[in-house]
Structures are given as C-alpha cells and as structure tokens.
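Next come the structures, one after another.
Each of the next two complexes has chain A plus one other chain: chain B in the first, chain C in the second.
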Partner chain A sequence: MEAPPVTMMPVTGGTINMMEYLLQGSVLDHSLESLIHRLRGLCDNMEPETFLDHEMVFLLKGQQASPFVLRARRSMDRAGAPWHLRYLGQPEMGDKNRHALVRNCVDIATSENLTDFLMEMGFRMDHEFVAKGHLFRKGIMKIVVYKIFRILVPGNTDSTEALSLSYLVELSVVAPAGQDMVSDDMRNFAEQLKPLVHLEKIDPKRLM
Partner chain B sequence: MQREEKQLEASLDALLNQVADLKNSLGSFIYKLENEYDRLTWPSVLDSFALLSGQLNTLNKVLKHEKTPLFRNQVIIPLVLSPDRDEDLMRQTEGRVPVFSHEVVPDHLRTKPDPEVEEQEKQLTTDAARIGADAAQKQIQSLNKMCSNLLEKISKEERESESGDTNALVAAVAFGKGLSNWRPSGSSGPGQPGQPGAGTILAGASGLQQVQMAGAPNQQQTMLSGVQMAQAGQPGKMPSGIKTNIKSASLHPYQRKSSPWLLKLGLIQVYRL
Partner chain C sequence: MSGVRAVRISIESACEKQVQEVGLDGTETYLQPLSMSQNLARLAQRIDFSQGSGSEEEEAAGPDGDAQDWAGAGAEPDDEEGLVKFQPSLWPWDSVRNNLRSALTEMCVLYDVLSIVRDKKFMTLDPVSQDALPPKQSPQTLQLISKKKSLAGAAQILLKGAERLTKSVTENQENKLQRDFNSELLRLRQHWKLRKVGDKILGDLSYRSAGSLFPHHGTFEVIKNTDIDLDKKIPEDYCPLDVQIPSDLEGSAYIKVSIQKQAPDIGDLGTVNLFKRPLPKSKPGSPHWQTKLEAAQNVLLCKEIFAQLSREAVQIKSQIPHIVVKNQIISQPFPSLQLSISLCHSSNDKKSQKCAPEKPGPEDHLYVLEHNLHLLIREFHKQTLSSIVMPHPASAPFGHKRMRLSGPQAFDKNEINSIQSTEGLLEKIIKQAKHIFLRSRTAATIDSLASRIEDPQIQAHWSNINDVYESSVKVLITSQGYEQICKSIQLQLNIGVEQVRVVHRDGRMSQHQVHAVQQLAKVMGWQVLSFSNHVGLGPIESIGNASAITVASPSGDYAISVRNGPESGSKIMVQFPRNQCKDLPKSDVLQDSKWSHLRGPFKEVQWNKMEGRNFVYKMELLMSALSPCLL
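Our next item is the complex of A and B:
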C-alpha cells in the first residue's frame, strides 16, 4: 500500500508557523544621516520610505501570571492603510550559535474597528507610542530606523515627546520556522553596518 | 651558499607576485572609480578596500616570513648603463622604464633617504642613545600603558553611551518601559490584575458618573473612559456571548496557542462587518 498522494491528505493545520528573527541596535541622532546613506547604498534600490505609526499594546490578563500581549499598529500618514495586529511569542533561547533573536510571530491586517474589538474581547491597553522613521528592504530582510515618541496625553497622538536622543535600528526577517541560515545572512548584513551601528541580539527579559 | 641563493630567489618571486597582485587590484579599483562611478555600489567599494587591505597584509607576512633572507644585506649595483632603449627592460616593466641610463638609476636604486630626513633620523638616534637603556625601557612601558588605557576608555565610552540608549529603546518597544507612566491614578480597573471585583465596581461607578458628565461617550478622547465604560457594561449587561468567550480564553490550558486562533477567527468576523 502506497501512501496516498499529498492532495488527498486531510488539511489539518491552519497556518505555517512564522518566526521573526530580530537584531537591534541604536544610533545617535547626529549619526543618523550617515547610517541612512549607507543603508540606501546597501539595500534594494527604491524610493526612501518614511513612516509614521501609532502603536498600541494590549494586554489580556487571565488567571495565569503572564498576560497575553497583542500589538496594534496604525499608520498615521497613509490614509486607508489597514491596521496591523501582531502577536509576538517568547524569544526562543538555548541556541547560542543563533545570531538573532527568534520568536514566534503572527501578523494580521485588520479593519479600523480593531481597538473596539479588542476592548470587547477583554483586552486593556497597556501602553502606546508613536514611531517615526525610515524603512529599507534587502530581499527578505527589513531594516527600520525609527524614533520612539512618548504620548503625553493618552489617546492624543499630537502631543508627543521623544523618548531619547537616539534612533532604534531593527533588522528583522519573518520566515517559516526552522530556517536558521537566515540568521547567518542577517549577521553578514549587520557586519556591513559596523561601525556606524552595532546590531546585536538583545534579550528583552534582561532589561525588565 | 646555494641554499641561500635559492631562498633569496624564492622570496623575491613571492614578493614580486604579491606586489603585482597589489598593483593589479589598485589599478582595477582606480578604473572602477573613474569609469563606473555612476553604477558603483557601496558594497563593491567596501570589497575593493577589503581586498587591498588583505593583500597588504599578505605582503607584510611574506616579508616577515622566516624563510625570507634579510634584504637589507643585499646590495644592488648597476653593471651597465646605456642611453639606448632596452626592449627587455621595457617588457619587464610594462613600458614604464624604457632606458637604463644615468637619470633613471639614481631614482630607482636609491637607498638613502632625503638629506632632511637623514638629519632628523640622526637627531633622533642621538637623543635615544643619550637617555640610556633603563630609562628608555621605562618610557616605552609607560607609553604602552597610556595607549591601552586610552583605547579602553574610548571603546567603553562608545559602548556605554550607545548601549544605554539601546537598552532604553528596546525596553520601551518590548514592554513599554518609560511609556506607560502617564495613566492618571484614578483608573484602578485596568491597572491592577488581582482585584477584579472591587475594581470593576469602582470603575463602574465612576464610569457611570463620567457618562453623565460627558454625554455621548467619545472613544477617541481617552482610552480610559472607554475602558471604564466597557467594565461598567459587564456587571450590568452580562451578555453571555462575550462572557463565555473570555472565559474559554482564560480557562483553556493552552492559552498561548489557542488564543491567536480565537482572535484570528474573531477578527475575520470583524473585517467582514
């Protein structure tokens, strides 16, 4: 008896488990220009893209100790763009040879009534911020350089204040689970950005 | 004698090869810069520089190699000087030295430095000899120590200032450190995990008050009023659908894995609406 052909197998799963590979670093304001120049040279040739996003982080506090976190992001400068909902799991520890932070990632585009929906589900907003910066791509790698602004009056995105005098630089790849050579490519790219910015694997739990 | 000669020849060959490679890569880099400057990309420039630095390194290694005899001990003497064109020489130098004559030889076979440089070197050597061996050694050591201290300070300073900022930014993005301090103290409901009962009642009461004050609840104004409205709604209405959803989400043992599912299904509904 041969195994039945793949097309006859019942479809059991839902989605492919996507993982986000992440490297982060920061650069002071006065070094931003040289970093942008180098990124324009190294990355795919396209019009420099800037973005202004408002991100809200929602928590669902269940009986377990650790709450469930969802991140909702909306674009403040692109009218009509869908809202973006993201779930990020705990970073996978253990493999010291892996050069990037790896965590489970689920990305969904939603309509504008996302916040109402989350509230009705029982989520409460924990914090929010505005991110303003530049976006670059190189193949499947995404490089974002952005400044985080603290929102002074909750809900009012006009009154913001910069959190620090630096820009956060993130190099990320969203890929199916198990493709560890992605982190090698990321590390090679990060080498080319030294000494302007040192991108490394930063464990958020260490900073709590 | 034979062995030394062979060694000399071998090392000369190696040196010639290295220098030829270096010259070629320099030439191609210059060509690239001059002719292809509009198509040039930063990685290709970085590659060229890396190549040049690698070749200089190997050149250094070849010179320092133990099998290389001291070139300093060799002397080059011109045997025949003639003002005629020498085809052989032309070929070997790729057309750059056509004639082995009285003008060419002093430049190419020069070993002494310029007179001013020679003066300065003599000055320096007499100064060095004057100090004496011990004092010289001490000075060398203190110089080394100062250099390493300075290097350490610079690298630490650079790392610290950047990594401090980096940590702050990463913490802000990861879990809102420094961002969520702006909630006014009146909202006890959303902030505290452990007191659902008392909290909701309180929030419910103040929420109702706010409704009377504000009139139509405006979600955009403050998230807080919305939150309090939702919580005031729950003990009042008890809609079974919403309650069972939340219950199943929190009581399910595999909360992490199933909740994205629930949300995805729920969200598809929202989108369709």
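Our next item is the complex of A and C:
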C-alpha cells in the first residue's frame, strides 16, 4: 500500500479553506523610526507590540522533487504562548489584477513537543532563524516589521547575528478563499506607506 | 580724475582730390594723388640743402614723439614733419598740434603737481581762507528748515510702509478664501482623520480605528466652498470649507428603548414614528462641519448598535422569540410585558420637517438603557483592540489568547464556553430591562404598602450603589417614636434580574406589635408572663399566625394581654385585681381579704378610642396608667 502522495494542492476538507494574502517590502535601519511612527498613526490605536520569535523550517523529502515544507514558530518573549505550525502552499498565479501574493495557508496551534513530533514523523530541520520586531494591526490586516537574525550555533538562540542592515515589512491578511476585495484594501493601505516603503507582490520563485 | 577715460582725438584732413577736369556729362576727373615716390620727389625739391643738420635732429625727435600721439593721421603729414623744417604757415595742422602740445604739457604738469601733493612731503594744499558767508537766515530758521527736511524724510519712510501694509490688507481681503480654507482644513485635521486621494480630500468618520467591525465605509469628502460673491458682504457664519457626508448618514438618529405593559396588535408593528428630535444645539465655538460630522458619526453608531441587536435577535434561540420588524426589535422579557428597541432616524429632508415633532412621554424612553447600549458597544469595540488578541508568535492568526491555547491544552466545552462571552448585546439589554422593571415594581409595591399601612411604619432605604443587574433595599418596619427599641423587623430585599430575594431578620409584620410590647415591657419594668409567636387559639388567620403576649405590671396588680393577628388586628385585654371589679360574684371560699389583690377577670380595652399616635404609644400610656405612681 503506497503512502498517499504528499500533495501541493490546497488542503481541503474539515475546515474552511484559508488563503493568505501577502505584500512585502523592506526598509533600511535608519528609516525604521519614521516607518514605525507612520504605522502607529495609520493602524489601530493600541499599545505598540514587540515580539521575539524563533522559527524553524522543516522539510519532508518525499518521492516528489519538491519537498513538503512546514514552519514551526515559537514566541521567545511570551511564556505560555502555544507554538505555531504553519503550512503555506504554492502562490496562486494567473491573475495579474490581483495585487497581493495569494497562497493557501493552514495555521495550527500546538503544544511544546512539536519538534519531537515532527522529527518522529520524518521531517528534518532545514534552517532556523530569529525574528525580532514590531507588530501592528488594522482591522483584519496584520503588519509586521522585523529583522531576521541568523543563528550561529544551531539550537542556541542567544548567539545570533543580523542577516542584513534592513527590516522586512510584511502586510498580510488571512481570509477565506474567494475574497478578492481584500487585496484591494491591502493595496490601498500600501499606497499610504508609499514614500517610506514600497510593498509589492514578490514572487519567491523569481528570487531563486 | 578716475572714471574719466582718456579722450581720443582723431584728426582727419578733408583730403579731397583736386578736380582735374569736369566732363561734359558732369563727371569729375580727379587728379590722382601723388604716390609716395612722387611726393618724395616733390618734397625733395623743396629742401634747402644749404641749411645745417642740427635742426633736423631736433625736429626728428619731436615729430617722432608726436607721431605716436596722433591717431589716424595719414602718412603724408608724418613724412612731411619728419623731413622738413618748413614754414609753419604752409602746414595746416600746426596750430592744432601746438595747442594739443601745450595742453599735454599743462596736463603733465598738473598731474605731476597732484602726485607730489598727494605725498604731502614736499607740497601741500592749503585752503584759501574765505570770509564766512554772511548768514542769509537766522539759526532758528536754519534749524527749522533742517528739521522739516528730516521729518519729511521720516514721513516718507512711514508713508511707504503704510502703503505696503494697506496693499497687503487688501490682498488679504481678496485672498481671504484661499488662506482661510487652509486654516480651516488645519482645524478639521485636528479633530478628524483626513487623507488625500488624487485631488480629493477624504475623511473617515467610522469607528473602525476604535475597534468596530461594522462594514460601513464612513468616508466623507471635504470640498471647498466657492459659491461666495466677493462683492456682497460675507455672512457671519461663512465657512470656506464644506463637508459632504454619505447620504445614508444624514440627519440625526437615536435608539429608543421603551417598556410597554400591553402587547399591541401585530398589525401595529413597524409603524414606529420617526420623531424629529430637535437638533442638539451645537457648542457655541464649534464650526458647522463639526456638528455635521458628529451627527453623522452618531447615526453610524446607532446603526451599528441596531444591526448588532437585530443580528442577535435573529440568531439567538430564546423561549419567546424576538420580533424584528423594520426598525424595531420587540421582545418579551416577562409575560404581558413588552420591550421595544427601535432606531429612530430622521433625515433632514423637507418632508419629515413638515410633520410636527411629537414630544416623547417621560415614561416612554428608558434613557438609562439607551446609554447602556452605547456603553456596551464601545466596550465591544475596545475588546477587539485589546492586546490579548495580538498573536504571539507573530505569524499566528488574530484571536483570543486563551482560544489559541484551547487546542494544545485540550479544553473541554465548558472551558471554551467560559472563555467566550456568549452573551450578546441583546441579552444584556434584556436582562437590564428586566431588572429595571422588577425594581420599579418592587418600589411601587413598597410605596403603596407604606402609604396604606400607617401604624407600623414601613421605611425603605434603597442603596445608592447598584449593579446593572442587582439592587438592594432595606425595609424597616418600625413604630414612630420607638425606633430604637422596636428594631426587630428588618427586611433586606435583593432584587435581581428575575427574582426578588427577601432576607428576613425576624418574623412577620403582625408580630411586630407583639414584639414591640415585649420591648416596651422591658423598658417599663413590666414582667412578661407569656409570649407566643404563633398562637393556636382563636380565629384562624388567612395569612400567617397571630401572636400574643401577656405582661404583668411591676406591682402585679394589673396584666395586659395582647393578641395580634395580621387580619384580625389587635385585641388588648386588661386584667384587673379582684378588688377593683365590682361585679364579681361573692364567694364563701375566699375568706381572706388578701385574695382580693389577685388579678381577676379581663376587660377589653377599646383600643381605637385610646389616645396615642400608634400602637406602641397607646400601649405605653396604658402601662403607665396602670402602674401606680409612687409619690
């Protein structure tokens, strides 16, 4: 009996099919302050949230050429927060009018023995990094401004080194499939950040 | 002499060629001027070789120097000068040359003198002393003239400045539109969120940035007010800025909550009048756009409240279903009691202005509930903005922190329910309405009882600090004047949402009198002989039981017996000593006269004819009347 193939198709059945709409950009370190100020003005009125997360990317190499990728993320500064397991599908291509990158997304909260479980399942850790930055929200949109730190000694999250002199800015919405006006709202919001940061649809395949 | 350029003198001879002959047709044939060699020959013939050579050299030096000074002179005169000392009268430029030469000499001399004088070493210039000019005018006149001049100068400057100012003021008047628009826009920006889209200025008056999830866009547009005639006088309340609000938010709105006793017919539903509430007076300092925007925002909030309530009314399953009709939600918290919540939105159309504004009755509106509705929706907004919703780690979706934990920690249904506040807006409001109704009912009951029953007084003390769902009242039943001793009956009523809990401190009301007598006896020194809360003798009361007490005077002569029942009222009997009763049958058994001091038969007291404000007073009087005063 063959194992069911690891599929790249969107995960269906059970829950609602959720899609992640994504726009990305970056700012240099010295422009961070002005960007944060602007975001505080544009986004919902809350106390500014900072975060420090540690993310590990696991791969399962099957018979197919492309491996199955799962991302496990934990919060380093909030004790008691559950781990977060995420599956991101391939970006949906085709529609040039869609302003954001759309891909299937499955989010699961897990307990702390996630890494052991994944190892037992056959996943192997590909890489890990630490993300440190700020978190904003506007309605259903989430704006994250963070810096990626490379982990020098595997497993030791204290010895880190910044990957670049810039911050990554991501604007994302997780919504049920089919709601395309979400991308219009995202684009309007991105327009308001225009001179400071250009948020655009970046196709990961083109970078490789 | 600086700045004066050297003047070039150019001299030209009017060398016209000599006419040789004039042709028949008028053409003139000119004598060809002599060529150089021919000229030289001619001149050579004139030379007198007999003369000495010294003068030749002198003459040669001079004209050579002159040749440089001469500009534009032809070759002929130079040659002439250099070679021949001829008679001056024959050469036409001689006088000119001499004059120029002398002028040059003079100039050189002057230049030399001036340069020497400049050094001041060898020669100085001395002013020629002149006689003082005779003063043509007196010194005061001179001063006057000088002052006048200076004042005129100052006046000139001031006039120039004033002219500039008036120019700027007039410019201001003309550009009043342009400049005031910008300052008004600045003021608008201090209160509302604005952004520029293309060439339009849009604003946001929704509560979305405060946490609302209502899908209305809530954008308004800012436009420049250009319909102003500069010639006419600008009106007092003119504003160069105008706001255009979405058409469905025009006018004013409010939520009306009312409780009615009878349920109306179904046919009457949906005909809630849209009252045109008189427009709330704007604060004196605020511009008209502020009131307009605030009214629109209020309309939006009322719409959101009503949408939330109607959504819940439809979704929530309750025993008596709620009815949602047009702009009214009707529910029945208690049987035969109807709670109606309606959204009254009056736009500023001319049509609605025609219908006369009806004054809502005072018991119609439950303002407290309306206020609470506003507070509840604001709380709901704040909930969506609270930081417990923010995800940690950052890639997690938004949601309550504890809900995210429910998966990994395997919560069961009860735990999950405890996290989610299952109560919606509607339920909360209905609970509050029930409580209010119950409270008012209780208060009315107590008040009516208190006014009806005079003898033991009923006092109700409502506590000031209440919850929305619970109130408490302390009811004291006392007799006037004897509050301290007759404090036995105290009731505490806790009025909840659906029930009234009564906590008795002691027995019922009918026992009050008897207890009062007991206390009084203690005070007066009378002895309590018997006391019974629930007597088994006598007519049966419909509510509760009668109670009785018998007290004896300190000397033992008299005894008072009181029987009090809630229905039968009070019956007081006094027992007299035997020697006071006249109609006692004489008996031979009792020989001794001491037996006559014992108490004998009872006699009823006509209590309603007794003097005294209330029962206890009367009792006190009776007791004191029956106690012999020791004088």
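We take it that the second predicted complex is superposed on the first by the 195 of 208 C-alpha atoms of A that agree within 3 Å, B and C clash if a C-alpha of one lies under 4 Å from a C-alpha of the other, contacts with A are read in each partner's own complex, and residues count from 1 in each chain.
We adopt the following convention: contacts are C-beta pairs under 8 Å (C-beta built on N, C-alpha and C of every residue); 3 or more make two chains touch, one makes a residue touch a chain.
As the structure is a computational prediction, the values presented were derived from the model and not from experiment.
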Clash or fit, chain B versus chain C on superposed chain A: clash
Per-residue touch tally on chain A - higher for chain B or for chain C: B
Chain B versus chain C as contact partner of A:107, first or second or both or neither: second
First (chain B), second (chain C), both or neither touched by A:148: first
Chain B versus chain C as contact partner of A:122, first or second or both or neither: first
Which superposed partner A:38 touches (first chain B, second chain C, both, neither): first
Touching partner for A:139 - first (chain B), second (chain C), both, neither: second
Touched partner set for A:192, first chain B, second chain C, both or neither: both
Colliding stretch - chain C into chain B, listed as 185-193, 293-301, 365-373 or 545-553: 185-193
Those residues of chain A which chain B touches in one complex and chain C touches in the other: 108, 110-111, 192
Residues on chain A engaged by chain B in the complex (per definition of touch): 14, 24-28, 38, 41-42, 57, 60-64, 67-68, 70, 85, 87, 89, 106, 108, 110-111, 113-117, 119-122, 124-129, 148, 150-155, 163-166, 168, 192, 198, 202, 204, 207-208
Of chain B, residues touching chain A in the complex: 41-43, 46, 161-162, 165-180, 182-183, 190, 193, 219-224, 226-227, 230, 242, 245-246, 249-251, 255-256, 259-261, 263-264, 266-267, 270-271, 273
Chain A partner contacts - residues on chain C that touch it in the complex: 195, 208-211, 213, 385-387, 390-398, 401, 404-405, 407-409
Chain C partner contacts - residues on chain A that touch it in the complex: 44-47, 49, 51, 53, 55, 71, 73-75, 77-78, 80-84, 86, 107-111, 131, 133, 135, 137-140, 142, 144, 146, 174, 192
